[in-house]
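One chain, subunit A, links the two complexes that follow: it is found with subunit B in the first and with subunit C in the second.
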Partner chain A sequence: MLLRHTPKEIKERSALTVNPAKTCQPIGAMYAALGIHGCLPHSHGSQGCCSYHRSTLTRHYKEPVMAATSSFTEGSSVFGGQANLLTAINNIFTIYEPDVIAIHSTCLSETIGDDLKQISEKAKEEGKVPLGKHVIYCNTPSYVGSHVTGYANMLKGIVDYFPESTGKKVDCLNLISGWVEPADMREVKRMAKMMGANTIIFPDTSDVLDAPQTGRYTMYPKGGTSISELIASGNSKASLGFGEWATKDAAIKLENKCKVPFEITDLPIGLCATDRFVQALSKLAEVTIPESITTERGRLVDVITDYQQYLYGKRVALWGDPDQLIPLVEFLLDLDMKPVYIVSGTPGKKMAAKLEKLLSEKVPEARYKNGELADMFLMHQWIKNEPVDLLIGNSYGKYISRDENIPFLRMGFPIMDRVGHSYFPTVGYMGGIRILEKILGLLMDKQDADSPETSFELVM
Partner chain B sequence: MDAHLSERKAQIITKGTGESAIECSKQSLAGSVSQRACVFCGSRVVLYPITDALHIVHGPIGCAAYTWDIRGALSSGRDIYRNSYSTDLREKHVIFGGEKQLYQALSGLIDELKPKAAFVYSTCIVGLIGDDVNAICNKVSREKEIPVLPVQSEGFQGSKKDGYKIACEALLKLVGTKNNKAVSPISLNILGDFNLAGELWMLKDYYEKMGIQINATITGDGRVDDICNAHQAALNVVQCSGSMMHLAKEMKEKYGIPFMKVSYFGIEDMSDALYEVATFFKDDSLMTRAKKLVSEELGKLLPALSFYREKLQGKKAAIYVGGAFKAISLVKALRLIGVQTVVAGSQTGNQDDYKLLTELCDEGTILVDDSNPNELSAFVKETGADIFIGGVKERPIAHKMGLGFCDHNHERKEALAGYEGMLNFAREVYSSATSPVWQFTKLSS
Partner chain C sequence: MSKKNKAILPDPSELKEEILSKYPKKVAKKRAGSIVINDPEEHQVQQSNVRTIPGIITQRGCCYAGCKGVVLGPTRDIVNLTHGPIGCGFYSWLTRRNQTDAGADGTNFIPYCFSTDMQDSNIVFGGEKKLAQAIREAYEIFKPHAISIFSTCPVGLIGDDIHTVARTMKKELGINVFGFSCEGYKGVSQSAGHHIANNRIFTDVVGLDDSVRPGKYRINLLGEYNIGGDAFELENYFEEIGITLVSTFSGNSSILDFENSHMVDLNMVMCHRSINYIAEMMEKKYGVPWIKVNFIGAEATAKSLRKIAEYFEDDEMMAKVEKLIRREMQEVTDTLKDVKPRCEGKLAMMFVGGSRAHHYQELFTEIGMQTVSAGYEFAHRDDYEGRKVLGSIKVDADSRNIEELEVEKDEKLFRKDLPEKKAKLEAKGYKFSDYEGMMPDMDKNSLVIDDISHWESEKLIEYYKPAIFCAGIKEKYVIQKYGIPLKQLHSYDYGGPFAGFKGAVNFYKEIDRMVNTRIWKLIPPPWKDQPEIVAKFADAEY
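Our next item is the complex of A and B:
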């Protein structure tokens, strides 16, 4: 019982986070930047930040994760980090030869007040940025928002720098990807291709964080959105951002900058969210929905119909990021399951409003909280008061799963103890089937393990 | 592309080419993809295994999130140390200060969990926003009547190694504060083993078999009361010289406890650790028992090792670990199983350890301090290494290049110390270096 000290009684806490359901902004910025081809993320702060983010991403992906750091010292924290950053930019272009350096700040450099815009301009003036190379940046103070905010801020940084408008729109749709796995980005591209849509997707971590073993180590794997695509995105006729928390700000910025109108949909997780995504894609790219897509949809619906008896009324607790949780809750409801507890450390009032709308009638007993003090400790307390049949979330749920003997589906970030999340999508109709397969597998395994011999069945 | 920047040249030498001693203990270059971490990281990993203490991170959430149960340091007692407690500072605290937040969090947690002591880790911005962490700790300590120790580990003060020292300073505040334990004149403290995969328990067992009382284990499977009584031991045995040397030196100064630097990796070093301790106590029966233990262990181990030595003969290894002292043991342990070390490096080695390491290595071995993935992959290619020994960030690089890998850091899943550990190490090196997967790395055309 690792969490044996979690008390059932829920006391008011005002100043303490126990076992967080979030992490800090910079890691999101780093992840997003890895979705640009030939980009080296750069952490403007102490050495440890960069090391932690790289280690965490490595644990999740089992892939090399490259990023540089300004290596702050006592001196830089007193006199500012400008000198460190200028040296860093020079050193990075000399030795690591990326096409892009994507700088994000940290709580330290933000509190000191380093001006990334001014420093990166100065680097350019001083000739530290070779011709044809780029330095982009974003502010990611760790004491605001969460890792999701950092991801969103890096997307804004990308849009701030690259897209250019020639004034002539071309037949192309920007797909601005929320925080999903490389496999999900690949799946979205596959679906867009099936629909015959001409698209630019950014960021795109497929073929970066799921790179093949080739017997060679390459600092910049072949994946990632190319610079020419990022520049061209300013001429696209529209943008579709999937995942509001992660993409909306960037989509607005692109509209303001290059007059590219946009729509935002949920991450295409589950049936209805995928329906809306496909419809939006069809509308904005001006393509029809092909039969092949409808067939995939039909397969998902077919699986649901075949297994509904195992799903009905099952109570689910889930945690993670709002962009994932909202469509997932909707999907669980469509499966006739009961999402009863939902926690996210990521702030944003919209989450409660959206969940309220989804849950108030169908699961009035549901409890949900996001932002400050919404953590895994609270989740565990809720579960102790009334248990659930299934947990869905990142690896940190394994303590609760073990202590309370509840089946546990790993989804989200980080997943440090299972394989598959970077290879098999959970978005789209096929992703829906995968989620369903996993849920049913867990529930049925539990039924098999717990049922007495008399009711132990071969056919399920 | 040059493998390394000119500023780094003195931190890379090749043995036998007449280059002068390696440079080390330098601040990393800004812009390097350094494998190093920060002061906070150093303090946190060292203190983290104290199982019955409360560990609370004062700062924004990241530092607590990234260090939540990442080190496989096992406990035979409580496990509150495996949770993540943070004041989760927000923008308003950065502006108005986070002292109130810290006070409330600490008080509430101590009431709830009744820990034996509390460690409060300061992260980067705490110093900048001017929180008086010392004052809060003192206040809570008075009110709750347990030691509440500030760990002033603001990340920017340097690298991980500097954090070790700060952790030792915090420990020193505990040492000598209690005298409520019966301690034998033949007793020692184990310093610098963190009980990864239960290694400490093996070592404890060896020493106890020799007839020595283990007083405090600092910090693997650590207990606050034992640390408070640590000054009563006759000897400090220090492993992982980087992290605990400061504590050992200070305890010598303050309490006159002698210390001895040992390593538990590989047969030679492990046996030396037992013999040297026996010699220290000038007790023949201890030496007799140590010899018996070693011969029994070797009697089991050597026949089992010979298989691996035969299979691994002629393989080459690249080592990149936290400290250079560990690299020394690894070179010897690898030699024992027929593997030659061709690259040896560390994040934070010191001059003395590098000197020993250089002497130990074969001609042509590349020695490197504070390296990065580009350099490491170039060295591997240059030397034709077959296996890489490193930590979490090195593994996927090695795998991408088609090299076997053994984690000799936090993420080891099997004990690598002691005699049993040597066999595990050999098995892990063998299984990875000779895995059938390496024949599939390229599709034959």
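Our next item is the complex of A and C:
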């Protein structure tokens, strides 16, 4: 047993987190910044933060993840990190020549109170920012929220800096992307194109974190939202943010700054959430929903009807981020599955409210918790008390999966031990089919492995 | 290792100039001292253990990573509690792949991540109460033999006194509780964390159990972290040659072994950088001498095993060692015969750690590959130039903040026989407390670079076009996008073991696979060299 010290008996904890279902803000800011073309993320803190974030993102993507650090020492921690950041900005523009440096803070620089706005202005005054280059920033104190908060804060930082309004709206819809994979951003773009919508998507990590092997390394891959697009987003007629936790603050900021009205939908994961996303896109972009989209939807529904018997009543435990978990729970319910345990380290009372609404009638026995102390240890204890048929979450679930002999679908962040998450979308109708394929594969493999020889089935 | 016939490489002065020319003047001046064109016959100063230049894109991590991640991480039966916001604990959770056998008592906390998950209110009002409560809860649920606390950056700034909390909780719970002030900003790299870990383990753990373990000879293996099962390999050797391995610091380790680790006859130091402090302190306090060993490379392993047997002056042990070497070398020789012709003459470079960039050159030499450039991520001058420079290293402000423990002789437990033995052997030319460093072992004109930057690795690749580059996860896919394989020497790319004879065999095969795999040749599409056909299609109207 790998998690042999996890007891069945649940003791109340008030201070100790064990096996967290979240990580800290800066990594989210780093990921979001990688979705800007020609951008080098910069971590204003100790070297370890930058190193840890780059390592974790690299393990997840198996791609170069470039970022710089202010390399705080004890001296800078006492006297402030301004000198380090000014040096860093100068060095980065001289040596690595990005178009944008996207700075995020850390618990260290937040605790000492470094003022990123003032320092980046000073860098400009001192001529450390070459003409036509940009320094953007956001505050990401690690002791508030989670990695999702950091992602949301970097989006706010982007909106704070780039979008400009000429006062004249153009026929374009901003798609503000929640924390999803490069493949998902690519899929959303494909769907918008199918619908004939004129869009700007940001951030966009496709062609950044799924770059091809060409034998030539380029520090700034061809993907990422361009600066001109980010500036132009201020003239768009509306914004559609998908993923409330990740995008709402940025959408509000863009409305306040450039009078771009917005709507927020769930991440388009599963049938109904994708329906709402497609409808919102159609409404805001003022385009009709084409037959081709309806056909894709039909395919997803078809697969569900074909395989419903293997899904019905299956108990599922999930952990991850609210933006993924909420539509995923809804999808599982549409599959007649039972999402019984849900944890997320990301705080926000609205998560419990949304889950309550989804689950109270259909799965009254469901247990869920988010925020502090909502960790994988607790979820594992719930499982020990009454087992489940399927686990859905990041790679850390493999320990529970092995100990308890439960099929395990990897979804979320980080996935460090399997391939596919960055290449094949889980959003949209096609993404729904992929989720189904994965779930069914796992459940049917288990049935094949466990069934007696007498009832071993060829056709399923 | 001391390669007998050193080659002379082309003078890379121009490359060095080109690298530096891109840097702002001040940066160029600072980096110049960290890039040294090696001359194994001349003693040159290698600037190292100095601050990383902000923005330069370094490989380095932080003090916490060195303390919690590297030194204490592999110990299975301590609840390692990170005091801070969630990230630090999360990122160091299982990511260094220290393999562990839970042992007879079955205690193994390695798959767990313990954190106080500090919130903004803890930053404002202090986190000591939460820390104490977290320790209480950890004890109630897990009943560990010991709990240790690791400070993250904000803890030092807000002034939480983890050591007082540790003392209070030790009293309350009746188990060992101790803390490490390893805030990320301390020192200039992971190295500070190693030192802090060594200090606290020495003061709070080593020496708690004075029992004498069975066996004729007792040793510790210091600085072996059981990545990919390296320590498992070595444990077998010691058993075979009749030595009791009391403790390994800290691969596949138990705190119970640390407590007893002063009751040995010899310390063997594998990773000099991360663990030499404990070796030195144990010698001062208990009289246990230390020798440098290296189990990376078949020849190095043989040499190290012989050196151990020589220390014990035991013919029976020496016979066992020779038997073991003979037996194990068979597979080594057979594999080399197969692998070497495909690897010979190819170039390698490695930038990693505080010993690995040196040790692994040995393995490459064995398959006929040449190391043209190497450097450490967090080493000190003695790891490059040898311990002879120890007296002349200037202690700067960043290192001065790391406590240097005053250690006194333990009158009761000091082994008077061991210094005598040491003197006798030294007179015969046997080397103790000695590490000659990486540079004397490298070829003339090889490029030695400390704390290499991303820019510098790019230029190295263009210049040398190596067949393989060794570094870590952050560098892995950058280098591979050039069409050059990168071997991770922190995580071994999830393979291994690479220590000992079996490890050498694994490594030869692994490098052969990596440098000769067909996929690197398949990168260009077949139509790349057929522009006229593409043009015809493009021009045609359909």
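Note that in this section the second predicted complex is superposed on the first by the 460 of 460 C-alpha atoms of A that agree within 3 Å, B and C clash if a C-alpha of one lies under 4 Å from a C-alpha of the other, contacts with A are read in each partner's own complex, and residues count from 1 in each chain.
Basically, a contact is a pair of C-beta atoms (placed from the backbone, for glycine too) under 8 Å apart; a residue touches a chain by one contact, two chains touch by 3 or more.
These numbers come from a predicted model, not from an experiment.
Asks: Clash or fit: subunit B against subunit C, after overlaying the two structures on subunit A?
Replies: After superposition on subunit A, subunit B vs subunit C: clash.
Asks: Classify the contacts of A:Y310 with the two partner chains as first (subunit B alone), second (subunit C alone), both, or neither.
Replies: neither
Asks: Which partner does A:L108 contact after superposing on A: first (subunit B), second (subunit C), both, neither?
Replies: Both partners, subunit B and subunit C.
Asks: After the superposition on A, what does A:F424 contact: first (subunit B), second (subunit C), both or neither?
Replies: neither
Asks: Could you say whether A:T58 touches subunit B, subunit C, both of them, or neither, answering first, second, both or neither?
Replies: After superposition on chain A, A:T58 lies in contact with both partners, subunit B and subunit C.
Asks: Touch test for A:S46: subunit B only (first), subunit C only (second), both, or neither?
Replies: After superposition on chain A, A:S46 lies in contact with both partners, subunit B and subunit C.
Asks: Same subunit A residues contacting subunit B and subunit C, which ones?
Replies: 2-3, 5, 7, 13-20, 22-27, 42, 45-49, 51-56, 58-59, 61-74, 76-77, 84-85, 87-92, 94-96, 106-108, 111-112, 141-144, 146, 211, 213-218, 345, 372, 396
Asks: Give every residue of subunit A touching subunit B within the complex, in rising order.
Replies: 2-3, 5, 7, 13-20, 22-27, 40, 42, 45-56, 58-59, 61-74, 76-77, 83-85, 87-92, 94-97, 106-108, 111-112, 141-144, 146, 211, 213-219, 345, 372, 396
Asks: Can you name the residues of subunit B that touch subunit A in the complex?
Replies: It is residues 1-2, 4-5, 27-41, 59-68, 70, 79-80, 82-91, 93-94, 100-105, 108-109, 112-113, 123-125, 127-129, 154-160, 373-374, 377, 392-393, 395-397, 399-402, 441-442 of subunit B that touch subunit A.
Asks: Contact residues on subunit C for subunit A in the complex?
Replies: 22-24, 27, 51-65, 81, 84-95, 102, 106-109, 111-120, 122-123, 130-131, 133-134, 136-138, 140-142, 152-154, 156-158, 183-189, 397-398, 401, 453-455, 458, 472-474, 476-483, 523-524
Asks: What part of subunit A is in contact with subunit C in the complex they form?
Replies: 2-5, 7, 11, 13-20, 22-27, 42, 45-49, 51-56, 58-59, 61-77, 84-85, 87-92, 94-96, 106-108, 111-112, 141-144, 146, 211, 213-218, 345, 372-373, 377, 396, 399
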